[in-house]
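Inspection log for the structure reproduced underneath, given as structure tokens.
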Amino acid sequence: MNAQELRKAAKEVLPSVDVVIGQRAGFDPLHAEPCFATKPEDVDDFIASPLCVHNLASYLPSLKGKKVAVVVKGCDSRTVVQFLEEGLIKRENVTVIGVPCSGIISVKKVLERVSHEPIQSISFDNETVTVKTNKREEKIPLLEVAPGKCTTCQYPNPLIFDVLVGQKLEPRGSAEAVYDDIREFETKSLEERKEYWEKTLGRCIRCYACRNACPLCVCQESCIAETRDPHWMSQKDDPKEKMTFHMIHAIHLAGRCTECGECERVCPMDIPLGQLKKKINMGMKELYDYVPGINPEEKPPMYVFKVEEDKIEEHELS
Amino acid sequence: MADKDYAYYPGCSLEGTGSAYDASIRLVMQALGVEVKEPHDWSCCGSTPAHAVDHLLAGALAARNLVLVQKMGLKGVSAPCPSCFSALKTAHYRMAKSKAFKDEVNELLDVPYEGTVDVRSTLQFIYENIGVEEVARPVKLALPNMKVAPYYGCILNRPPEIAQFDDPENPVSMDNLISAVGVEVVDYAFKMECCGAAFGVPRKDMVNKLTHKVLSMAIEAGANCIAVACPLCQQNLDLRQAQVNAAMGSSFNIPVLYFSQIMGLTYGFTPKELGIDKGVVDPGNLIETGPIVPKEVEKPKKTKAAAKEAS
Amino acid sequence: MKVGVFICHCGNNIAGTVDVARVAEETRKIPGVAYAINYMYTCSEPGQDQIKDAIKKYDLDRIVVAACSPRMHELTFRRTVEKAGLNRYYFEMANIREHCSWIGEDRELNTNKAMEAVRAAVAKVMQDKPLYSSSFAVNKRVLVIGGGVAGMQAALDCADGGHEVVLVEKSPSVGGMMARLDKTFPTIDCSICILGPKMVDVAQHDLIKLYAYSEVEEVKGYVGNYQIKIRKKATYVDWTKCTGCGECMEKCPSKDAYDSFNFGVAPTKAINIPFPQAIPKKAKIDPTYCRQFTKGKCGVCAKICPTKAINYEMEDEIVTEEVGAIVVASGYGLLDIEKMGEYGGGRYPDVITAIQYERLLNASGPTSGHIVRPSDHEEPKTVVFVSCCGSRDKSIGVPYCSNFCCMYIAKQAILTKDHMPDSQSYVFYMDIRSPGKGYDEFTRRAQEEYGTKYIRGRVSRIFPKGKKMVVRGADTLLGTTVEIEADLVVLANAVTAAPGAPQLAEKLHISYDTNAFYVESHPKLRPVETNTSGVFLAGCAQGPKDIPASVGQGSAAAAKVLSMLSKDFLENDPAIAQVNQNACVGCLKCVKTCPFQAIVEEELRGGKVVAKVIQTVCAGCGVCTSTCPCGAIQLQHFTDNQLLAEVNALCLS
Amino acid sequence: MRVINLSTTSDASFIEQVKKESGQDPAECYQCGNCTAGCPYTEFFDYPVSMIMRLIQAGQKDTVLNSKAIWLCATCETCTTRCPCEVDVAHVMDTLRNIAYREGRYTEKDIKTFYEAFLTSLKNNGRIYELGILMGYKAKTLHLLADADLGPNVLVKRLIHFQPNKIEGRDEVQRIFKRFAEKRDNEKRDNQKRDHHG
Amino acid sequence: MPELAGKELRIVGFLCNWCSYGGADTAGVGRFKQPTDLRIIRVPCSGRIDPLFVVKALINGADGVLVSGCHPRDCHYSDGNYYARRRLEMLKQFLPFMGIDGKRFHYTWVSASEGQRWQKVVTDFTRQVHGIGPLHEKKEAAK
Amino acid sequence: MTDKGYLPQDKWEPFIESLSNDFRVYAPCEEDGVITFQVLEKGKKVDLSRPSTSAPKGVMFPQSERLFSFDFKKAPESPDKMAVELDASTNMPETVIIGARPCDAKGFLTYDRVYLEVDPYYRERREKTTVVGFCCNGPFAGCFCTSAGGGLAEKEGSDLFVTEVDNGYFLEAITEKGKKLLGRPMVEDGASHADAASKKQEQASKALQKVIPGDPEPRISREAFESDAFWDEVSAKCLSCGVCTYLCPTCYCFNITDEARLEGGERVRSWDACMFHHFTLEASGHNPRGRKAMRLKQRVGHKFLYYVDKYGTIACSGCGRCIRHCPVSVEISGIVARLTEGAQEDQKAAEARS
């Protein structure tokens, strides 16, 4: 990724849009933050590196009515495609600046690698991360401190773009391996799975960061986790309610989640929320041969049907 | 076009009474450039006696051979004898349909059958995996005197759920193959009526009556030769023709050739090589060959299944 | 909130295995229940009066009746509470009969189950909201799809009732299957002689607008207000000019066109009038055979036509009609006999279908009523009829009985003898089904007076032997195989749904069964209504039936239409979806999934886009409600909160 | 004609057994007679196929299992192919023959002997030895002259080997027979036990 | 009020009004005996069943949930059951991932005339749920 | 009784364990890489290596708490009459919080000012809880306590203050409650370690530079604060989630709901967040703080203006959690710093005038 090229591309686009959304350096060396550029000098702040972890496409539906340019990685571009599939954005209002991506960092993983010592600086070179703290310097292969989604990334290149910055890349790992983690989890017994989720979801503080960061949570302000009509959930700090909420989130994303990983990234309690949606996506692929965010002409599987479903078989009672 | 990498399971009859069938198939395959791969140390499929006595035993005897093919790593196996084909395919089908049956059968075997082998009759293999176009290619000679009534017998196409080949009520695959090598075929109604099958030994009376019907219908339709794809049919129609004549007061004298022998003749193999001399009824001048006279190519007859697909 | 609960004994039906007194006692403990009582027959007049009295006396504002299935008496009790001044939706039923007392054997468990059912009903009724119907104006025109005898009857009855009728017929003439029949059973009336006048009535009725050779392209709208697009297929003949003189047909040089009216018994001309009594009696060109189309030159008909009606450039035309009600009488199809390989269907010329035989018998048919074998045009002496050809045959996917074959076979056997006194007919049958008035006598007559030999058994194979067709079947009464050497074999091939029936159903939003016959609202009590209000059924589109039944249904459907159109305004069912526009986020997923296109996009002031339900179109299925992620669209009377109240009442303890 | 007392002779367990072993439901047969009509062997049968089906429906175990028909069926599959009720009739016939064999009911002894001769040859050699079968069959049935007329043709044309063609995997085939026999014996014992207790 | 301790488990059924509810009525009219555990909630169409109702029931106290609608092609509203089928199948696959036995949830199709089929569905499903046992710790019967 | 104690390294864990016998002990524990305050049970290890993800505020002000339960009661003879039985009993055990950071401990003071007088639930918890503060060794990303009137060794808010020193732990009683703990077994006299401890505390205090001007607390300019453009700009990336408020040791907003069943239910008080759209949503559908800019402004304003107006001090202890864990790195210290600049200039101008 090359920040100069990106800035150049963004500046070219800027006059024709109201805002260009990119990322700039955040409050410490480990963080980047979204940057809403409306002036050329704002664009000068744009960076392009594995620190750019945000899925900026998430902001698009909330900017309805504006002309927006957005910088997206391969995975983020699936969000754009899914928005188009669901009619949540108008193609003509969005300019997509695509950036091929060879992986981003997971802030949590980097911190763990250096035992949470305050970071002095971080730099990247050929998929190697160099992290300096006041006690040490570590060189780490990027994929070792990248989020899970990067290690099996099938879409390093944007699937949709108006401007492409950089060279296209090859997918990492085989397509079959994408769901290996899910399959492995499924080797556990039902009891183990239940315990696992009771423990991890038990940490949930219902801050709704996962929901609010989720690009495809269309309800946002009308989310049934908080409404009284309909009254699906109480406000109690109860394991059942937490389980219910996360199942609602996952089920509402069935056949829609583009696996951008924002829910998991933003969770302050490090709950592996992406797994829930990934599991359902795996089913969507097997049952309906559908992968979200790939083809803007497709329709998400929960809003269509076939009279004769090829893969659904009548369940027998034992 | 389907895969040609299939094993070839000749079956016991083709070592004995049906040796001419085996010889002619091997020559035809050679002419078509298809390698014949015989599973090592195959055993009898069990045939009618096995399933007549017990399904489980029948399943296991057949499945042992499927396991051999499985070991060869091939996609499937073709069997020239319909009885072998039916035994192998029925075992495969019932094991695929019922896990309980599969488990029971595998309990009897040394090596379990995994259910991956595609079983076809050799007729089907030649018709579908090689195809009429390929079959026509090696033709060198014509058989101008021959008017063939193809006889399919009972279990090549039946029951359709298991056989999964051709139209069970009006099969045309053999007709199309024989036409493809330039030999005239005649249509008649009894091409899939039973000839009496294995009752030749214990209930000759039945075979005589049934065979008599088949032969008379074919002759009435103008045939001077019958083509078969089954050693047992060949035996009933040819070897027992004299018994039929004696019992029914008829005087049939119609040669009964394997379809592969007819194909072989047009490919230029000699009657002797093809084992035609092993037949009882002498084909006489019917097997005299002549130069190929070009004629308007007839469209292959459509089976019901093929017609459906086309529409 | 004051809920009143009435627990019915239903004589001993409920009280026999449920301790109703205990159910009442426990119910009284439920908060919100102000009154609960058990009573012998709650649905009786005194039972209903008791509810009304209690509402007044105890100031009840919600009512639960625990009794039989709501599918039985919900409407009854809704009216009761309405008469007592409550909104009819402040009412719930707990099914403690069909779902409880009749199926469980343990009195204690049944009683407990009944108590829980009541509890859930109480929980729901407390969430119930008053709902009110709204009314809308009705367009009093009627669309009839299909110009067979059923459709014509419906059209005539509606038109006689004073309503404009739009009749759409797919083929070039009305008349349907009945127009092809020679005689009708059991009276041996000439079919076209009794149908012809009806066809003329259709043509001449001031209020009937006939679209022949046309098909329904699109149906939009809802009961009382449908917009119909009709495709008028190109005939290449200007029907406003065509006089039906038939000269073109006489001179047309293309002589081997397929005659669909005669089911291919003989060829026809590329330009033709289907039959002499056709209504409208107009010519049409079949472009697959017309030389002007296939070879690019000919033009004979154009030259010869005295009114210059021929127009080779004609194209399909779409017209729009507005109606308030629809009668679907789209008829039936016949099984393709090629599916019966063992009968040589399609391979042997002397194995024909019964409708083809009907055309052979018909004096105005292609053979002028002479029975001849297709193969050599000789008169057959031995005719074998095979009934249940495909019918009642699971293996080819027609598990049902085709209803009228038994009768027409008897008729055809009788007519065969009439035409050829020295002939012999045989009928293979599995059962003789002749339950109509005079029907069984008729099949007896075929055997007793006309000497038809009935053989009880199915035919296994038909094959040629010389000039004969050998029919090999079983005579199960003799217990063996029988063979008949026939000159002609007639197959009573199964009645199937009309080709394209599912597609038409989908346009109309009506349901069809696995055999593609249309499904009525209730097989006994609403036999001509569909689940889409305003759409009615008549004739064989709903299932195989004979002429009197079809005519009867045509009239019945017309009666339903007339009663509906007797009102100027209709009321909608208020149990439909409603959008909370504050909560709606405008994702419009509901619009995508609504099976009725009842939801549209609406832009509010300020630019916010939300979903909007067209009240009259919504059928109340609730797919939108389960689609909406934020619960902003709620199916009234089955809202999330109402169902959750039931779930919670049953699960939280 | 005899009168059948259905109250006393209908054997429900037999109907169940056929249903279970064949996987076919005899109740699905509506007696159209198509199987009988298509069956090439009807003229040889004592009971036509459709009547066998009817007898099963009526629970007439002895009549069915003692019939010749179940032995004369050649499994040509015509009945199965044409049954409008999708009953695998040939498989039902096969199943009946299996049951009869197990119960030692051989109404057509020659056919049973032929089958056994065939299976003995199979068991001994792994493959079929046609002359051996014929000899074995003749010895058992005393039909010493059967097919003697064919002899010259067969021998001259050398259609039959004089030596059995034994395969290497004979042991394996024999193990199949052995395990099979053990399995059926165990089942029989279990059944007897159950009957005893019941 | 809890189910009778030890004798029953808590099974909630969502039934489409037009087919399965009618099928259950037909079973009742035919006096086809069934286990008593099932509690029925009537809905207009299986398409009305939000998978979340099933989740809600299972998390909050039910040991099993049954959904039954019209057979494919028989939907009163023409398409509702097709959507239901997709959504419920999705749920069926998802539940075990959360550690909830998929056998606690069953969806099927029963028409109004299939009383016997309904009896079989209820009997078999109840047996299936009993085979797995309770999902929640049972409180003592309150009364 | 002394006010200084000492625990050698090897007594630290046994000491905490012994506390568990008499108190409900909350301490920061690690699970799957996340540190939260949990009730200490067997098998759980205290982890003081870095600040916890969430503040210990839940101990005093739970995420959701039952205020009372209600049951509807009926007499069988008159079903139309119904009585409501309330149960507002509480059952709060004596509690110790171990390992509260200075910012966490100071945070409780923010609550005290609001709740102590008026809220019996809070008061009971507060009175029964002893806060054991823990001196920080150095700052972490986002920390700005020194800019919020506190520091890495700030003792205000703790009952007992712990400083890691001389291979052990120096314990300082700040209140009487803290003093009581010093009387427990295993605690040695700490006087000899006092010097080392104060040296350590001094070092710690210097480890973090002020990032917001203002002494001891920042004061923000009303004028700058009222600029809509400013809030639009800084909130553009905000997701309106509750991370900042729910992890915050000083945010105290709540919601009250009745969670009812047929026969009764509970009145529940649960955390709410001013960043949520629902927070100010009115029943009519109108929302006075409909946009996220208004909500972010409210959060900052509440902490640095409105609370100051009422109580004379800011409602922020500079723990930095809202910055560290914000999904989009909204940096409250930066926002406040920008708002104070104006205030500084105003002040300068005023000084120049006088």
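Observations on the model:
For clarity, chains are labelled A, B, C, D, E and F in written order, and residue numbers in each chain start from 1.
By definition in this document, a contact is a pair of C-beta atoms (placed from the backbone, for glycine too) under 8 Å apart; a residue touches a chain by one contact, two chains touch by 3 or more.
Owing to the predicted nature of the structure, the values given are computational and were not obtained by experimental measurement.
When the interfaces B-C and A-E are ranked by how many C-beta pairs touch across them, A-E comes first.
Here the chain at the heart of the shown protein, by mean C-alpha position, is E.
As a whole-number value, the distance joining the C-alpha centres of chain B and chain E reads 53 Å. Computed centre separation for the pair chain C/chain F is 70 angstrom, with centres defined by C-alpha atoms.
Note on chain placement: the centre of chain C and the centre of chain D lie 50 Å apart, centres being C-alpha means. Shown for chain D are the residues that touch two or more other chains, namely 43, 78.
Counting partners per residue, chain C has 119, 342, 593, 627, 640, 644, 648, 652 as the residues that reach two or more other chains.
Which chains touch which is summed up as A-C, A-E, A-F, B-C, B-D, C-D, C-E, C-F.
Only residues 30-39, 42-43, 47-48, 50-51, 78, 82-86 of chain D touch chain C when the two sit together in their complex.
Residues 580, 583-585, 587-589, 592-593, 607, 627, 629-632, 634, 639-641, 644 of chain C are the ones touching chain A in the complex.
Per the touch definition, chain C reaches chain F in the complex via residues 2, 25, 28-36, 58, 119, 122-123, 582, 648-649, 652. Residues 338, 341-342, 344, 347, 463-466, 470 of chain C touch chain B in their complex.
On the chain A side of its complex with chain F, the touching residues are 26-28, 30-36, 54, 59, 108, 112, 115-116, 118-119, 199-200, 203, 205-209, 211-213, 220-221, 226, 228, 234-238, 262, 265-266, 268-270.
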